[in-house]
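One chain, subunit A, appears in both complexes that follow, with subunit B as partner in the first and subunit C in the second.
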Partner chain A sequence: MKFLANAGFDLGRMLIQALGIVVIVFLLARVVPGDVVDLKAIEGDLSASQQQEMRTELGLDQPLIVQFGQWSWRALHGDFGDSIRFGRPVGGMVRTALPVTLVFAGLSFVLALVLAIGIAVGAVMTGSRVLRSLVEIVNIWSIALPTFCIGVVGILIFSVWLHWLPVVGSMLLPILIIGIDGAGQIVKPLYEELREAATSTHVRTAHAKGLSPWRITVRHLLPTAVPVALALSGLVLAGLIAGTLTMEVLFGLPGLGSLMLNAIQGRDYPVIQAAILVTAIGLVVVNALTDLLHRMIDPRLSR
Partner chain B sequence: MTLVMPARTDGKARTRFSVRAFLPAAILVFMVAVALAAPWIAPFDPLDQDLLALNQPPGPEHWLGTDHIGRDVFSRLVMGARTTLLVGLGGAFAAFVFGAGFGLVALSLGRVSEAILFGAIDLVRAMPGVLLALLLIVALGEGVGPVTIALGISFAPFFAYVARAIYHREAAKDYVTAAQLFGGDPLHVLRVHLAPNLIGGLVTQAAILLPRCIVTESVLSFLGLGSSPDAPTWGRMVAEASRYIELAPHAILAPVLAIVLLTLSLSFFGDNVRRTLDPLREEAGS
Partner chain C sequence: MNALVIRNLVIAKGQRRLVDGVSLTLAKGSTLGIIGESGSGKSLTALAITNLLPDGLSISSTSTIEIDGVALPTHDAHAMRALRGAKIAMVFQDPMACLNPFMRIGTQIDEILAKGVLPRTARTTRIVELLREVDLPDPATLARRYPHELSGGQQQRVMLAMALAGEPDLLIADEPTSALDASVQAEIVALLARLQARRQMAMLIITHDLAVAGALAHDLAVMRAGQIVETGPAQAILNAPQHPYTARLVAARRTLVSEPSDAAHAGHLLVEVTDVAVDYAGRGLFGRPFRAVQGASLRLERGRTLGLLGESGSGKSTLASAVAGLRPIAEGRIRLLGHEMRPGGPALPQALRRRCQVVFQNPHGALNPRLSIARALGEPLGLAGIPHREHAARINAVLRDVGLEAEHAARFPHQLSGGQRQRVCIARALLCEPDVLVCDEVVSALDMTVQVQILQLLKELQKKRGFGMLFIGHDIDVVRWISDEVLVMNKGRIVDRCAAHELGATASRDAYTQRLMAARLSPLAA
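This part shows the complex of A and B:
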C-alpha cells in the first residue's frame, strides 16, 4: 500500500515537472520577438489584412492561456505545427529523428551503468591498485574532458589516421565515448558506497563461511550496487543530453540533437520547441521510471 | 580518542611545496595572464584571413599553422582564451550570485520563501543544464552576455542546494539562535553571523563547479551557440576545424589541448581547494 502511495507521489511529481516544462517551452516562442506570421511576412510580402487573417486562423489573437491550452493539446497528439524552414509537419520530423537518438542514448546509458558497476565492484572485490586508480581516472576523465574533444581526437585517430571507422555515421565510437563519460559521473560515489558495504558484517560473515569471492560479489555486492547505481543514474541521464547533442553533430547522426541544433541555427521555432519538449519530457519519464524501479528493488525506500 | 598534534616549529611547515598543488594553479595563472595580455601576444589579427595560406601546418611564420580560411591558429587560440575564460568564469560567478545570493536570502526570510524558491528550482532542475542553457540562449539571443547569464541560471541550482544544506546545518547552532533571540532581523543575522561560516562551503562548491561551467561553455560554443563568430572561443575553433580534420589536424588539436589543459587544471585546483577548506569531509570520505 505504502509502495503504491509512494509511486503515486512520484507520478504526481513527474506530471508537475512535465507541466512545468510544457509551460517553459511554450513561453519560449512568446519571449522571442516576432511570431510565425512576422517571419512569413518577411519572406513573402503579406498585406496587413492577410497577416491579421493568418493570426486569427492560427489562433494567435486569442488570450495567452487559450493559446497555451490549444498548443499543448495539439502537442499532446504529436502535432507541433509545420516547420518554418521546410514547411513539413514537425511531428513527422521528430518521429524520424527519435529512434536514432533512442538507440544511441539507450545503448550509451546501459554501457555507462555496466562500466560503472563493473569497475566499482571489481575495485572493491579485488582491491587491486589498477582498478582503484581506474575509478579515479574515469571520474576525472568525465569531469574534465568534454566529450566533443574526445570525439574529435577519436575521429582523428581511428578514422583519419588508422582508417578503422568511417568519419560519419558510425555509432560505435560515440557510444563508447558517452558510455565512459556517463560511467565517470557515478563510478566514484558508487565505489565509495560499495566499499562501505564490503566492510559490513554480512559480507564478513560470507567471507568467514568460506564463500568464494565470486559468489560474494554476485550474492552480496551486486544487490547493493544496482540500487545505488539506479539512484545515481539521474546524473548519467543529464550528462547524456549534452553528449547526445555533441556526438550527433560531430558524427553526423540524424537524431533529435542534430534536429534541434539545425533548428536553432535556422530559427525554426516549432522544431526547436518540439525537440526540446520531447527530450525534456522523455528525460522526466525515464527519471520517474528509474525511481520506480529503484523503489521496487530497494524496499527500504517505501517504508 | 586523543589527538596528538605535531608541534609546529615554524610557519614553513604549512606551506610545503607540492607539485599536485602548485602545477594546476600555475597553469591557471598562466592562462589568465595570457588572456589578459592576448592583444599584445597574438602576432596576427585572429579574424584576418590569408587566403594564400589555407590549412598550413605549424611553421616559423604561423607557429600553430592556419585554419581552413587562413586564420592564424596561435592568435585565435590566444584571443580565444579571453572569451572562453570570460564566459566560463563569468557564468560560474553569475551562478554563485543567483544561487547562493537568492538562496540564502530566501532561506533567512523563512519557510514560505524557502518553499517558493526551491519549488521553482526543482521545477527548473527537471531540465538538464545544457538543455536549459540552450533554451535560454534561444530566448535571450547569442553573444557573450546571454551565454554568461544562461550558464549562470543553469548552474545556480547547485549553489542553492549547497546553500540550503549548510544553512540548515549552521542555523541550528547556538550562536545563531542567540543572535535571533537578541532580536536581530533575519538579513542582519545572515550577513553578520551566518555568511562568514557559509562562505567556505560555497567557495568549495564554486571550485567544484568551475570546470563543469567551462566544459559547458565550450560545448555550447562547439555547438555554435557560444558567442558571436567574430569572438573566437576554443569550442568554436574545434567545431569549425572539425570539418577539415583530414587537412588540418593541428587546427583541431591546438584548441582541444587548450580546453583539456584548462579543465584538467581547474579540476585538480578545485580538488585542492576542497581539501584545504573542507578537511573534515575529506577524512570522512577516505
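This part shows the complex of A and C:
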C-alpha cells in the first residue's frame, strides 16, 4: 500500500516535471527573434500580405496561451502536426530519429558505466598504481577536454588522415568519446566510495568469513556503492542529452539531436516541441527507473 | 593441548609498537578473556590472529601464532582464507554494521556453508539448525529476512550462528555485547557461555567490561598500553588483583556497585514537568508523527540528582532535551526556573537557557575541533557579558574545578583524552553558572576508570555549587550511584520511580525494572 502511494506520488511529480520542461521550451522557442515566416520571406521574397496570410494559416497570430492550448490538446491525442519547413508529419520524423539516438545514447551510457565501474573496482581490489592513475586520468580528461573538441580531432585523425572510419555516419567514435567522457564524471567519486566501503565493518566481517576476494567485491562491496553509482548515473544521463546533440551534429547522425538543431535553426516549432517532449519524457522515465532500481536493490528502502 | 598459542606478538605502525611482546595460551575447550581499556591493543591482538589487521600495521617477524599446534600461514592469503570462518571464527561489536544490509540472513550464513561440500538443500536445513542453536524464534522465516528487520540482540545471534556455521575450533569475540542494551547483553553472554560449553570450543573474549569477562572467561589476561600486565584464573584476578592497574580497574567497578553515600537534602523546586508528550515529525507527506515520550511527569529540586534510566529508544534523551527547551513539546507543560513552556508556546528565553546547561555523550563531537580549549570556554563567558580581561582567570579557575591544569587551556580537543574532553564540556557548562545541569549519557563513551572519575567529579561539583542534575543513562550501576531518585523509562513512558537505594528492593518494583535489575551482571558483588 505504502509502495503504491509512493509510486503514485513519484508519478505525479514526474508528470509535473515533464510538463514544466515542455512549457519552458515552448516559450523559449518563441522568444527567439524571427519565426518561420520571416525565414521563408528572406528565402522566397514573400510580400507582406502573403506573410500575414501564412501566419494566420499556421495559427502564429494567435496569443501564446491559445497556441499552447491547441498544441497540447492535439499532442494529447497523439497528433503533433506537420513540420512547417518540410510539410511532413512530425510524428514520423521523430519516430525515424529516435532509434538512432536511443542506440547511440544507450551504448554510450553502458560504455561509461562499464568503464567507470571496471576501473574503480579494479583499482580498489588490486590497489594497483596503474589503475589508480587511470582513475585520475579519465577524470581529468572529462573535465579538461570538451567532447566536441575531441570529436573534431577524432575525425581529423581517424577519418581524414588514417581513413579508418567514414567522415559522416559512423557511430563508433562518438560512442567512445561520450562513453569515456561519462566514465570520467563518475569514476572518481565511485572509486572514493568503494575505497571507503572496503574499510567498512561488514566488509571486514566478509573477510573474517574467509570468502574469496572476488565474492567479497561482488556481493559485499559493490552493493554498498549502489546509491552513489545510481545518483551519479543520473548526472551522466543529463550530460548525455547535451553530448549526443553535439555529437550527432558533428558526426552527421540522423538522430533526435540533429533533428532538434535543424528545427531550431528553421524555427520549425512543431518539430522542436515534439523532439523536446520526447526527450523530457525520456529523462523523467529514466530518473524514475533509477529511483525504482535503488529501492529494489536496497532492502532498507523497500518498506 | 592448546588451541591457541601466541608468542611475543609485536604489532607496529611504523616505529610505534601498538602491541608489544604479548604472549598468550588458550587451552582447548576453555575461555580466555582479554580485558583492558581503549587503546590497550586488545582488539589488534584479536585481529592479528585472523590476519585482518588494518592497512599500515604489520606483525613483527619474530612473533609466532599457533593454532592447534600449527603455525599460522600469515603470508599465504589462500591458506588464511581457508582457516577464517572455518577453524577460526570471529564475532565483532555492533552487529548492525557487521551484517551486510543488502543480503538476506540466510544467504549470509550460506556463504560460509557454501565453502564446504554440502548440497543446497542440506545447507538450507543446516541454516535453520544454526539459527535454532542460537535461540532465534521461527528460524525458517528469519532466514529470509534482512538485517535491518531484526533487533540488535537478534542481529548478534545471527552473527553467532554465522560464526558457528564453519564449526570453529576457536571463536574470537571482540566486544560482542558492547553495543547492546543491558538486558540483551545478559542474554548474549549467557548464550555465549552455553555455546562454548556445549561445543567445547576454545573462546577468546575481548572486552573492556569486567562483568562480561567475569561471566564468561575461565582465565584472564589484563592488557595495558600494548602489554600484558597480569594473567591468571578469572575469579582470582577479579577478587584479588595483583597488578596496581588491574586493582584500579576492579576498584572502579566496585565503587559503582557500592551503596550511594548520602542522600542530598531537598532544596527549592527547579524543574516541574507535568504530563509531557513529545512527538517526532512523521516521514513523508502523510506520515503520522511518532510519539517518543508520553505522559511524563517529574520534579527536580536544587542540589538533587534525578536519574533517567532506560534502554535505547526509551525516550529518555528526548525527554531531557524537552526539559532543556531544545525540543518543543506536544502536550503537557514544563516549568523550568519559574518559566512555563507549553505546546506551541514561546521558546525558552535566552537568559534561562544559560542557566540550564546540557552535557552530551560524545565529548569529541561536542567540542569544535578548530577552537582551542580557552576559546571554547571563552564563548559562554562572552555571551554572559563578562569583560575579556577576566576570562583567563575564570577559565583557569573552572579548569581547576574539573581537575584539569591551566596549561590545558592552550590545547585543542584532539590533543586531549576522552576523559579530559568530557571534563572540558563540563567546565563549559559550569561557566554559565547553571541551576540545572542535564547530563545525557556523559560517561557511556569512556573507559570504566575514567567513568568513575567523572561521576565523582560531578557529585563533588554538585555539592559545592548546588545545581540540580538530570542524569540520563542506560547503565543501572552508574545511574543508581549518582542519583538520589531514579525514574525508569520504557517505550516513551515512565514506568517506575523510586529512591536510588530502593532499586534493589525488587519485590515492590515494576516488572520492567525487575527485568533490568535481573539482567545486571555483577561478578564483583562480593
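Operating definition for what follows: the second predicted complex is superposed on the first by the 242 of 303 C-alpha atoms of A that agree within 3 Å, B and C clash if a C-alpha of one lies under 4 Å from a C-alpha of the other, contacts with A are read in each partner's own complex, and residues count from 1 in each chain.
Following the convention adopted for this analysis, a contact is a pair of C-beta atoms (placed from the backbone, for glycine too) under 8 Å apart; a residue touches a chain by one contact, two chains touch by 3 or more.
Computed from a predicted structure; not experimentally measured.
Of the two partner chains placed around the shared chain by superposition, neither subunit B nor subunit C is touched by A:124. In the superposition on chain A, A:183 makes contact with neither subunit B nor subunit C. Between subunit B and subunit C, it is B that contacts the larger number of residues in subunit A. After overlaying the two complexes on the shared chain, residue contacts for A:278 are found with neither subunit B nor subunit C. Look at A:24: by the touch rule set out above, it reaches subunit B but stays clear of subunit C.
When both complexes are overlaid on chain A, the residue A:253 reaches neither subunit B nor subunit C. In the superposition on chain A, A:219 contacts subunit C only, with no contact to subunit B.
By the touch criterion defined above, A:175 reaches neither subunit B nor subunit C. Put simply, subunit C touches subunit A in their complex at residues 50, 52, 54, 80-86, 89-90, 92, 94, 97-103, 111-112, 115, 146, 148, 159, 162, 166, 284-286.
Remark: subunit A residues 16-18, 20-21, 24-25, 28, 31-32, 140, 143-149, 152-153, 155-156, 160, 167, 192, 237-238, 241-242, 245-246, 249-250, 260-261, 264-265, 272, 276, 279-280, 283-284, 287 touch subunit B in the complex. Within the complex, the subunit A residues that touch subunit C are 5-6, 9, 199-202, 204-212, 215, 219-220, 223-224, 226, 297-300. For subunit B in complex with subunit A, the residues that touch the partner chain are 122-124, 126-131, 134-135, 137-139, 211-212, 215-216, 218-219, 222-225, 235, 238-239, 242, 245-246, 249, 252-253, 256, 259-260, 263-264, 266-267, 285.
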